[in-house]
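In the two complexes that follow, subunit A is the common piece, with subunit B as its partner first and subunit C second.
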Partner chain A sequence: MASSQHVLLSPAELAYLHASLSLTPPIRPDGRTPIQFRPLSAETGILPGTNGSARICFADGTEAIVGVKADVERTAQRPGEETVFLEGGAGDDEDDQEGETKEGVDKRKGDASWVEMTVEIPGLRDDDSGTAFLAAMLSEALLADGEFVKRLWINRRFHWKLYLDIILISPPLSYPLPLLSLTTHLALLSTRLPRLKSEGDEDPFFDDDWAAAPYLFPRPAHTTTTTTTTTTRPPITLLVMAVGNNIIFDPSKEELAVADVALAVSVAGSTAETGKGEAEEAGRRLRLLSVRTIDPPSRLTPPGIANAANTAYGASNGAVGTQKMLEARTAEAEAVEGVWRAPRGGAKRMVLGALVQKVLERGGVVDEVLDALEGVELG
Partner chain B sequence: MPITILAPKPSRHINDPEQDVSSDSGSDADVDGDVPMTSLRPPKRARLTTTDMVTPGEVITDDPQWMRGHGTYVTPTITAIVSSVAGTVSRTNKLLSVRPLRARYTPEVGDLVVGRIVEVQAKRWRVDVGSTQLAGLPLSAINLPGGILRKRTETDELQIRTFFAEGDLLVAEVQQLFGDGGAVLHTRSLKYGKLRNGVFVAVSGVGGGGGVVRSRRQVWTMDAANGAGQIDVVLGVNGYVWISKHVETPEAEAGKAAGITNMEESVSTTMYSSQNDRIEVETMREIARLRGVVTALVENGLRVDEDMVVRGYHEAVEMAMVSTEGPDDIYLGGERGEQLAAALRGA
Partner chain C sequence: MDRRRINGPSGATIPPVFDDAGSQDLASVKSRSRPPNATRKMYLRTGVTPSASGSAYLEIATSAKPGVSGLKLNCSVHGPRSLPRSAPFSPHIVLSTHVKYAPFSTQQRRGYLRDPSERDLAIHLEAALRGAIIADRWPKSGVDIIISIVEGDQDRETSKSQGDEVWDMMNALSGCITVAAAALADAGIDCVDTVAGGVAALVQDAGDDSTPSIVVDPIPSEHGKILAACCVAYLPTRDEVTNLWFRGDLPASDMDLYTSLVENGIRASKNANCVLIDCLTETVG
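Here is the complex of A and B:
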């Protein structure tokens, strides 16, 4: 459970927001539909000193930059593992380029320590629990299935070490998880690693022509061969919340403040493309990587006071005041329309299930988001 | 269409939007100390000319003929004029001043502001009004419940949270200023008090002609479209905006009948209520549309006042009429907002 930041809203505002978001269809304060994201502008390749970088900003000025840098690092050899001797190893090693399963066996191995992620948010210490949770959630999505780190494998003695630096430039106007995740996704899409020239388990030697450097996540090649190629994409983490039975994507700060339950759902998509004129019958396969509950700030909000229990309401004097105080204690149990009460108890299991199902829906939001991100020009 | 991703817009020249900025992007890549990467790849953004924009600490001139104005300071050792804010340099005869790009609200006596309680002290509240400092609201500057104008008592001091608690929104007037720019507020009028039945939107800190400007009327009631009844809009001078359903209180009616003298007596039965009235779906939808109009105005650098908001609202209603989703479509972000702003600029 990660907690989002505290927001200060009055009970009347919270009651209004909750009422308007509970309607069917919900009326969001900024007029979006429940599945609509805030419009954002994105660009890649903004930092010339990195292997890949991206910048995304919202119209309200929230802006994030991600830079990806790669280093060659010697893989730690553990005794007992297939110990590598250069002479023996080089001979029977076939050329292992980015094709994942060559002759059915994937010899590449990865380790979670090959990726180092730091998140920086202005106004928060880097060891703040919020920042630490954000970094943990983002790296968890990347490392969950172990497929990503395999891409960093060079040979049995060396690997790439990837440093992801995620910086939120503006103060966090809303819970920045989706923004940081989308920016990381774009940065990884634009990441290129130098082309390997050496073979086998030699010390790696790279092509110094940057134009020839392949992408870490190769773009789908529109070939006319009949082979089935699978293109995988970096994961994305979406923030989804529920108010009543309404499921709302990309909540703003105010919306999150009245959420009954909020989830961070990480999803990876891979497209199985069969060439030769066949329609894309397989489509995109979505895989659920992780689900985390976010502690919505709604639970910490103060309750509203009903008029019946408000000593400052109406023309009252001291005696009536104490009378009302007593009434207030008894009236606390039942809900009054128009009075804010913080949600109590845990999330309903049905709602949690519906949230995850909505995210994984075929042709749903995630598909559109991934398509839109893929449409961003890599520069 | 759940998501729209746009390419970033080229930055516009601050002073002169018509000026073609793409002409100076090719050759002077060294202006901000960059390595000349421009030869390798085309520049994404046209660079600003550095003549007009200054950042804090930047020396504007060391020529002694200039006088320093707002947004600048002079160092004691050298007589250069240095900028203290980020903004554009403006010259008036021999006076040099810097107009900040973004600025906080500077209170003035008589301003109508919307504020949020952030702290409750023994005899006063501390209110966030978007200024550099928190404003103070003394217990003696509010209308106490109980009808007649009365002196505050210890009971009131003990019950200070029943009037305003942390997080509560209120509309108030600046009564007094301190020398350091801090403000003291008061709510001693029928018009002021706690806010409910609506939504809040902050558009403070907008420079360059946008945002809320001081005008004749900061508070008005307007008729909403689609049978939504009447909506109140409060534009705080500090850039905090409150949009709510118009509620005709019986007390206000009675106050009208009773005349101006005993208005205060009937004032505050609903003043400290934090319970919302029943609000119809249509009203909620139009409130959200109005909120969208205000944010669209700000995002497109237009001023926010009664005239613009009302015109923008009518324009938005008509845009929704012709849109594919019908009149219930209230989304005004992104391209819709630009469309709205263009219509308002043209009119």
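Here is the complex of A and C:
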């Protein structure tokens, strides 16, 4: 598991790090504020052979590439559903645009198997549980609301099958979840699917002009109509951790090694724009898609020994009787300041609630990250 | 892909759906028969595998509706035992969890090799148990926790189980956590508390416009649509959560909904914990 890779820090270093992160305000090793992300550079459209691609490089040297490929696939017909007849459908070609708005009935259907996601991390086997966990987490956020797969619907007989291949180029210097999630977000933003020319339930036939290919997530159109348009964006998954009373975003590997609790929270933002002359922004509405606790590697760190119990500092090294054993048990239970002990037990529900609340805060980190990603030029 | 065995054609057939006359009636009684805050009955027993150092078997009652099978889980714990010489030093017990669906346990046949969803379940289970185990009492040792899902929690009558697998996974995970806690206690491995799993869901029963309600221990086929669900692993005496898995689609402005989902998950987990405690005291006394 990538999150539980051993960190080469001594118990004394861990205790120091934990103490400095518990201060108000916390002092992080790299001098960031608690809600500050690591600086990153991003670009899209780097792979000409894909439908959409992106690369993100964090300042600490971790780098990921995501390529999105799409295939046309025949939709499996299940018995009991309405049978599809080939008909020269009048008005059927507007399914894609109007299917959702016409009397509020959405004809499009999606299936979770239409999206296939693979994660490759150097140094880990591809059947490693950690990799499977990362892929499950990222695809879960994408599939959670069931709206994304509807975008892959072509007609009742065919759909797009989307392959998302996520490759971490650098060795995993920190838990790669936020990096992979942001890169996937950008790659999906830059994904374009060929424009459909056929109508209704015919075999699909596409426009060969790539310039005419629409984006999978349409750009916000600055129209002057008075209708309200909502632009949805792919989800992002953020890593948040709590140390003492502090909530820290985007922890590095060392910080994660002293976490009391770590959470991966997936959110998606949709912007409702009411075009009244000028595009008046009604604000971004966030949706909570998934929350998972990450097993913090702090549980695997070696414990420190207090001076009182250390024979090198004059503690008696007598015969170990049952009385001694009992004393050792009680000593195990109480914490000595400055001596590192791996956290035991779970997290208080108040802490978990506060973490999620902090992520979903209006004008908080998510807004900042989504705004920054919006600013990336799509190549 | 399993290379050691001769594989059948993949996905060449679809599971049979029997068009019997009674199925029409069944569809009409497709609703929840329990109150929204009641969990299903469960049966838990420890010490079912003599050769393992700890084992437990969990069965969750079938609901009133025929054709719905209950969840049947078997867990065996091997260890604590010393790590092999080649393994690096570990100051804590090394936990390895395996969750495997039996090939015949679900509507779609499962292969012999673990698929990604099973690995995902194993990681969730590991996170839930690692919080409960007092790991530093066994340096340089390891323990294997192996769960086989003998029968999944699925409705075999419906032909389309679209999207239900995900919610089934949550029910399976909560069962896995409870049964693993019982097996760990049976193996005599020190824990801070007995951990148990619970599931709560936000469901929409009548149409798309009805107001959603929160139910405990949901069966996907009993509800019209599941909007969100969460699975909680909870330590009752410490009042702590060791694993939280939420999935769904909730507006961020509605934090109360999320909080009450988690609270209901904890309530379900407390119910499961009562069964767990009863089972363990019965074994001891």
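The rule is simple: the second predicted complex is superposed on the first by the 339 of 379 C-alpha atoms of A that agree within 3 Å, B and C clash if a C-alpha of one lies under 4 Å from a C-alpha of the other, contacts with A are read in each partner's own complex, and residues count from 1 in each chain.
By our rule, contacts are C-beta pairs under 8 Å (C-beta built on N, C-alpha and C of every residue); 3 or more make two chains touch, one makes a residue touch a chain.
This structure is a prediction, so every number in the text was calculated from the model and none was measured.
Participant: Assess the superposed three-chain arrangement around subunit A: do subunit B and subunit C clash, or do they fit?
Facilitator: Subunit B and subunit C fit side by side in the superposed model.
Participant: Mind working out whether A:Ala144 is in touch with subunit B, subunit C, both or neither, as first, second, both or neither?
Facilitator: It touches subunit C, and subunit B stays clear.
Participant: Scan A:Ala342 for contacts with subunit B and subunit C and give back first, second, both or neither.
Facilitator: second
Participant: Tell me which partner A:Thr271 touches in the superposition: subunit B (first), subunit C (second), both or neither.
Facilitator: Touch partners of A:Thr271: none, neither subunit B nor subunit C.
Participant: Please work out whether A:Leu40 is in contact with subunit B alone, subunit C alone, both, or neither, and reply first, second, both or neither.
Facilitator: In the superposed model, A:Leu40 contacts subunit B only, not subunit C.
Participant: On the A-aligned overlay, A:Pro302 touches which partner chain: subunit B = first, subunit C = second, or both, or neither?
Facilitator: both
Participant: Counting only touches as set out at the top, which of subunit B and subunit C does A:Thr231 meet: first, second, both, neither?
Facilitator: In the superposed model, A:Thr231 contacts neither subunit B nor subunit C.
Participant: So, A:Thr293: does it touch subunit B (first), subunit C (second), both, or neither?
Facilitator: A:Thr293: touches subunit C, not subunit B.
Participant: After superposing on the shared chain, does subunit C or subunit B touch more subunit A residues?
Facilitator: B
Participant: By the touch definition at the top of the document, which applies to A:Asn246: first (subunit B), second (subunit C), both, or neither?
Facilitator: So A:Asn246 meets neither subunit B nor subunit C here.
Participant: Quick one: minimum Cα-Cα distance, subunit B versus subunit C, in the superposed arrangement, integer Å.
Facilitator: Superposed model gives a least subunit B-subunit C C-alpha distance of 7 Å.
Participant: Looking at subunit A, which of its residues have contacts with both subunit B and subunit C?
Facilitator: 301-302
Participant: Using the touch definition up top, name the residues of subunit A that touch subunit C in the complex.
Facilitator: On the subunit A side, the touching residues are 1, 76, 78-81, 111-112, 127, 129-130, 132-133, 135-136, 140, 144-146, 263, 267, 285-295, 299-303, 332, 342, 344-349, 352-353, 356-357, 360.
Participant: Could you please specify the touching residues of subunit B with respect to subunit A in the complex?
Facilitator: So the residues of subunit B touching subunit A come out as 1-9, 35, 37, 41, 44, 116, 118, 145-147, 155, 159, 162-163, 165-169, 194-201, 268-279, 281, 284-285, 288-289, 291-292, 295, 299, 330-335, 337.
Participant: Where on subunit A is subunit B touching in the complex?
Facilitator: 8-13, 15-17, 19-20, 23, 27-33, 35-43, 45-46, 48, 55, 57, 59-60, 249, 301-302, 304-307, 310-318, 321, 336-340, 365, 368-369, 372-373, 375-377, 379
Participant: Hey, which residues of subunit C end up touching subunit A in the complex?
Facilitator: 14, 17, 90-92, 116-117, 119-120, 122-124, 126-127, 130-132, 134-136, 159-160, 162-163, 166, 192-193, 230, 233-235, 238-253, 255, 258-259, 262-263, 266
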